[in-house]
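Both complexes shown next keep chain A, but they swap its partner, so chain B is in the first and chain C is in the second.
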Partner chain A sequence: MTRRLLSSLLMTVIRVIFIGIVLGFLVRRITSTPGDLELGSWLTEPWRGVLLNRLIVSGRVLIFALPTILITGYLWGIFGARFRRLHLARLLSLPFSTFACVPGFWFVILVAAYSYFHWQRPGFADELTLESGPNLLVWWHAAVVALPAAAAGVAWQIRAVATHLERTMGRPWVRSLLLEGENDDTIFYRYLLRHKAGSLISLFSGGIPLVLSSLIVLEPAFHLEGIGALLTESIKTSSPSGVLISAIALVSPSILASFFSELFPASS
Partner chain B sequence: MNRRKSHLSLFLRRVAIRLSAFHRELLLPIPYLILCGWLFSGFRFGSPDPAWFDSLFLVPERPGWSAPDHEHWFGTAANGADLFEASRYAMASSVILGLQAISLGGLLALLIPCLFALRSSQNRYRELEFALRIVRPLPFFLILALLLGAWPGSETAILGMGAIVAVLSTSAMTDWLRKREESFELTAARIVGLSRFQILRSRLLPTILPRLAGALALYLPSTILAEMALSFLGFGGHRASVGAMIARGQEFLIEAPWMTIYPGILATGVVMAFSFLGWRSAATVRTGLTPPFS
Partner chain C sequence: MFLIRGILYSLPLWILLAGGSLFRTVAGFRLVAESDALIHVISKRIDRLSPLESKDGVEGEICGLLFEPLLRRDASGTLQPNLITGWSFRSVVTIRCNSEEAAGEAEARIRAGEAPAKEPRPIALERFGTVLTLVFDRVEPGLETPLLEALPQRLLGDFLALKVASDHSIRALISSWIESSGKKEQVSTVDFFGDREASLFISGAADPVVEELRTYLAANPEPKSHLEIVGRRCYSVDRETLIDLRPKVFWHDGVPFSAEDVRFSYDTLAGNSSESPLAQDFDFVHSLEIVSPLRLRFSSTGMPDTMEESWEKLPILPAHLLVGKKGEVVPEAISQYLLSPIGMGPYRLLRRRPDGGIDLAANPAYHRGVPRERLVRYVRVSSLEPILLSLQDGTLDQIEVDSRFAGWIQRNPGIVETLKDIPRFQELVVWNLKRPPFDRAPVRRALAQAINLKSIRLNDPNRYLTASSGVFARDAPFSPVPMTLPDFDPAGAKKLLDEAGFTVNEKVGFRSNSEGAACSFTLAVDATNPGLVTLARSLSRQWAEMSLRVEVEALAPELLYGERLPERKFDAVLLPRELPYGQDQRDIWHSEGSGNLSGLADKEVDTLTQSLCVGRDVEKLRETVERLQNRIAELQPVFFLGDSGRIITLRKGAIDIFPPDAEHPLPLAETTHRVEINRPWWVRHSPQQSPTP
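Moving on to the complex of A and B:
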């Protein structure tokens, strides 16, 4: 365990140095290109407040997206592996895989337009302010963005979990348990899941970069002022601090997740 | 009469047996050809005219747009041009860029692991796997957006997406090569005394190449989606793309909603078709990768 921790720490340090060099180089290059000054109005606001507000907005999206990926991905993946003869994992992941083919930015524009015309409130209705009661509108906005952001992650997680378990089922020790007279359920839930728990946990970090990447596209499409929108605005305005802060905020969760996933035995 | 069969008939029989063994792989290119044929019919290769693309969204005093009907399935744009043809052209442009990125990525993915495979040491892929472990968990679209922010243009998009495809494919290639190295056939080849180059050429590549093609087919829809997303954000340069069409069409969401909705439907259909074909291809050649994005 100590060896794995040290190895994981070393990898994280190397990753941080690598991304630092890449970011530094790209930011320097971006700032040397002329930006669009009309978009730079937010630059006058204090940085700390801007960053905090943006993190909160993106955090709401992640609150919806990440648990959806993990809970649905793991539960349906295990369920799919258990009923592998029915190809259940493929069937369960198919709606999500198909939905991942829809360009997310187009989907959120459609939802925003539809809700604006039909309910006269959510979506692009940025000018509306809440006068009383809980502000459910922000959660609605977050949910609309989280839905396409999570689709690809859920599909990947279901297939990854199921494939990992299915591959282990062909191993000699599993077959020997079957020959000893153990039934399928006992082998699967008592032996296989327990034996593969560590490597299954290591799969949790796979969907996180997908969600973070999709934030960069979906937030500007929905006019949601999160950290992804901050990145695109900063690139367009050639703002070095904006690019750097938003890029670090977007990279950090995946580096952190990969650090924790490397603490567990790797799944091939 | 017990006559011996001619060499030609024996050869033809062998070919027929070989073809029947690969009938799945041979059937797969047909839908690809149909899809690309439909998409690229009437497509002019080279840089498209930016003025033509701009004119679709420049609204004159009396806009020429009209809602979808029997004549114009997707309606018409602000200059009265057929939106279906414009969307098809823009989609073909996105697919071309995706194919270029895939080709570049595939080439790199073939070259890099093969160079490592020629090494004589026991752990010949260790350094490559270490480098891939560092890069793989990063959100690639972030790097792509930053790259295009630094050097806007189609060439950067192709290079960036090609590099990402190369990282993903190299990872898969290394895995396949390492597993193949452990097989009985490779051990026998080493004992017989074949050189590393001979092993690579006659034992490793013939089994790995079809898998690489399957992996690239799996990554193609992702590159098309990434290209559309970059164009939507305005990082794609001045190029006809469905992403740019949707971004510019949303300005007229109230007056002419078909200018946003229908290009998106076409893009979804084409990406879905490429995805299903990619999943099928990856499964047929047993890549062992996990769809949709591996």
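Moving on to the complex of A and C:
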């Protein structure tokens, strides 16, 4: 466990250094005012307020997207692996893979257009404010962005979980269990899942970078003022502080997730 | 076990079902759910709303609905009573007698009607020791003369009257001199008029006392004071004005408006100790005190004809919200007040909307009548499509347009109509006359002639720019014929510059004088006003065609207004200026005016601005204004780019005007006045309320 922790820490440090170099290069490329890069300038009240608001908005998207990836990916991955002979994992992941092929920004613009023509009201996220009652609208906006953001992650997660379990089904100890007269159902749920639980959990971090990176495109397309939109706005306005804080906010969850996933036994 | 697995595996489908339910719920939402509100779509967030700043556009409109002025301009530009309902003018004559017996005899003569022998007679009389105080119900020069002539000279005291005046408080200075003076017994009386003026009455041999006081004042150069020997006299005349306030006026939080609010506003914004520019407008007021909840009294040595204008400028702040327990102004309360302002206007702030807009509700206690439109919503929408949809639906009434709107309006004629408000602001370039080359009038004229004003536009589809008509508001009562400004004449401009010694240097391509000094300057502009920045760049390009090197300097407002302008650290600055209605223009054009940014010092302009402050004869004022405008046009201390006004875009036929005392609403198009006059009475058009033709 200690070795695993140390290796996780080492990998995290390497990732942070790498990302720091990439970010530093990016920020230097767009820096026009060196003073803007000072640490104090990002921690000032306006930036903190902006960051907090943006994190809340993107957080709502993640509340939809990440549980969808994890719940659908794991459950249908296991389901697909259980009925591997029917190639169920491929069938279940197919709609998500197909949907992921459609550029996400097209989808959100189509939703906006649908809203415009069918509901006779604005479609983008910044155009309508609820006057009273629970603000379901912000959750709707989050859901619209979360759906394309989660599609690729769900497809990947189903395939990853199912493939991992299917490979293990070919191992000698599984075959010996079959020869001993255990039925397929018992082997799968009683032995295989319990034995592979740790390595399955280590797969959870794969979908997070997919979701976060898609926010950079989806949020501006849907006029959702989240952390992804902050990054694009900051690049447009050549604001190094904005680029830095939004990039750090987008990258940090992935690094943390990778760190925790590496604490579990390797999945391969 | 099978059931549990079934539920678990179908969980993603349940999530999908929940999404579908959310979809159905949000399908019912609409941009504007209310049909009982006047909806105004705005594009920018409404920030702080202050009664202290003059603003045009949406914020100016909202401020006009929230705040109420002391005096109001009617359609002809004439001041009318509003929160102040009337004035009573009085003169207080203080007579110092020889002795208490003499004072008693003088009192008896006055009470018996022997003095004064003719009208006007005093309405009140009081004796205290050797001093008699008489109050007359009018203000006129020489009022005290019949009284003094009717009293025997033996009764009156013999004093040398001195006057000490300063721009700052001299109360402490004079008091300390009297305390330390060896001749203080000779100082019979000291009357302070406010903090900045004092009258001293010296008895006996006055010369040593005067010399001592003069020496004392010279030894104390701060505050800079001025000693004047008025002459031998025994009396002083003070002017008193009683201000009557309108009863039954309430702040939006239900607290009654009172004299306390007026005094607090005066002390904070215009009092002797205030550093606000408004203080200059109130320099005639010596002291202001509360007589009753609806009456104030202020004393002054003179009564300028522009007194009402001064009171018109004073914004009223709610004392009950901004004053702490110890009587001090609470800064946190001011910040809070600017975010959630409380006024006395026709509408009150209902709430700040989550989208950055604002909701206003009709003020049920408004003294001019409750507005019939109960709710006005300023809804912030950033995209064009929803605005167009709602315009077609008839759920929007007024919009702030952007450049994308122009194309749509051409394709869909008849949906909106525009209303041009009278120009309220003037865009001008102020030259710093203390810096070359602006110290030379021909150069300034050449710079004006080099610009084709017809080719410049404001980068704001909600505003228009039109040729400047003068230095006053167009509908001011004494506004004369438009002033004659230099026409676009590039050849003439080149000639003037050549004659001024600024010829084109072929090597560098710019104009320079014989000493090699380039004819170049910076044009400062407020960086937060994109319209002005675009305008400045447009000017710079046109001057560049005359081989002049002009650099546009877009500055943060704090730097521009807080440092550069007060210290006059600029070559030229492009500014908007509110067109004034008042006669008193000394602040802007007089050589000693605090707002004279150009540094203009012209005797004729000084004389004209001084004479403009005297008299109320409109024809005479018009003549003076015309001469002033012609002189300014000749000197060109500023370059008049044009007057700008607001373009109001409305859904066609959406708005009627329905004042509380009217029986039927009138279509908005039939009114020709300033928009602000009728804005409180705007209502959404309703076929039931309109009269049948």
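We take it that the second predicted complex is superposed on the first by the 249 of 268 C-alpha atoms of A that agree within 3 Å, B and C clash if a C-alpha of one lies under 4 Å from a C-alpha of the other, contacts with A are read in each partner's own complex, and residues count from 1 in each chain.
Heads up, the rule we're going with is that a residue touches a chain if its C-beta (ideal position, glycine included) is under 8 Å from a C-beta of that chain, and two chains touch if they have at least 3 such contacts.
Quantities reported herein were computed from a predicted structural model and do not represent experimental measurements.
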(request) Could you check whether chain B and chain C clash or fit when both are placed on chain A? (result) fit
(message) A:Arg54 in the overlay: touching chain B, chain C, both, or neither? Say first, second, both or neither.
(response) neither
(request) Return the chain, chain B or chain C, that is in touch with more residues of chain A. (result) B
(message) Going by the contact rule set out at the top, does A:Ala257 touch chain B (first), chain C (second), both, or neither?
(response) first
(request) Kindly classify A:Leu137 by the partners it touches after superposition: chain B alone (first), chain C alone (second), both, or neither? (result) second
(request) Could you tell me the angle at the CA centre of chain A between the CA centres of chain B and chain C, given to the nearest 10 degrees? (result) 110
(request) State whether A:Lys196 touches chain B only (first), chain C only (second), both chains, or neither. (result) neither
(message) Please give the least Cα distance, whole angstrom, that chain B and chain C reach in the superposed model.
(response) 7
(request) Could you tell me which stretches of chain A are touched by chain B in one complex and by chain C in the other? (result) none
(message) Under the definition above, what is the set of chain A residues touching chain B in their complex?
(response) 11, 14-15, 18-19, 22-23, 26-27, 29-30, 33, 93, 97-98, 100-107, 109-110, 113, 152, 155-156, 159-160, 163, 205, 209-210, 212-214, 216-217, 220-221, 231-232, 235-236, 243, 247, 250-251, 254-255, 257-258, 268
(request) Using the touch definition up top, name the residues of chain B that touch chain A in the complex. (result) 133-135, 137-143, 145-147, 149-152, 175, 221, 225, 228-229, 232-235, 242-243, 246, 250, 253, 257, 260-261, 264, 267-268, 271-272, 275, 279, 288, 290-294
(message) Going by the contact rule set out above, which residues of chain A touch chain C in the complex?
(response) 68, 71-72, 75-76, 79, 116, 118-124, 126-131, 136-137, 139-140, 143, 147, 223
(request) Please name which positions on chain C make contact with chain A in the complex. (result) 8-9, 11-12, 15, 19, 22-23, 25-27, 29-31, 33-34, 353-355, 379-383, 385-386, 389, 393
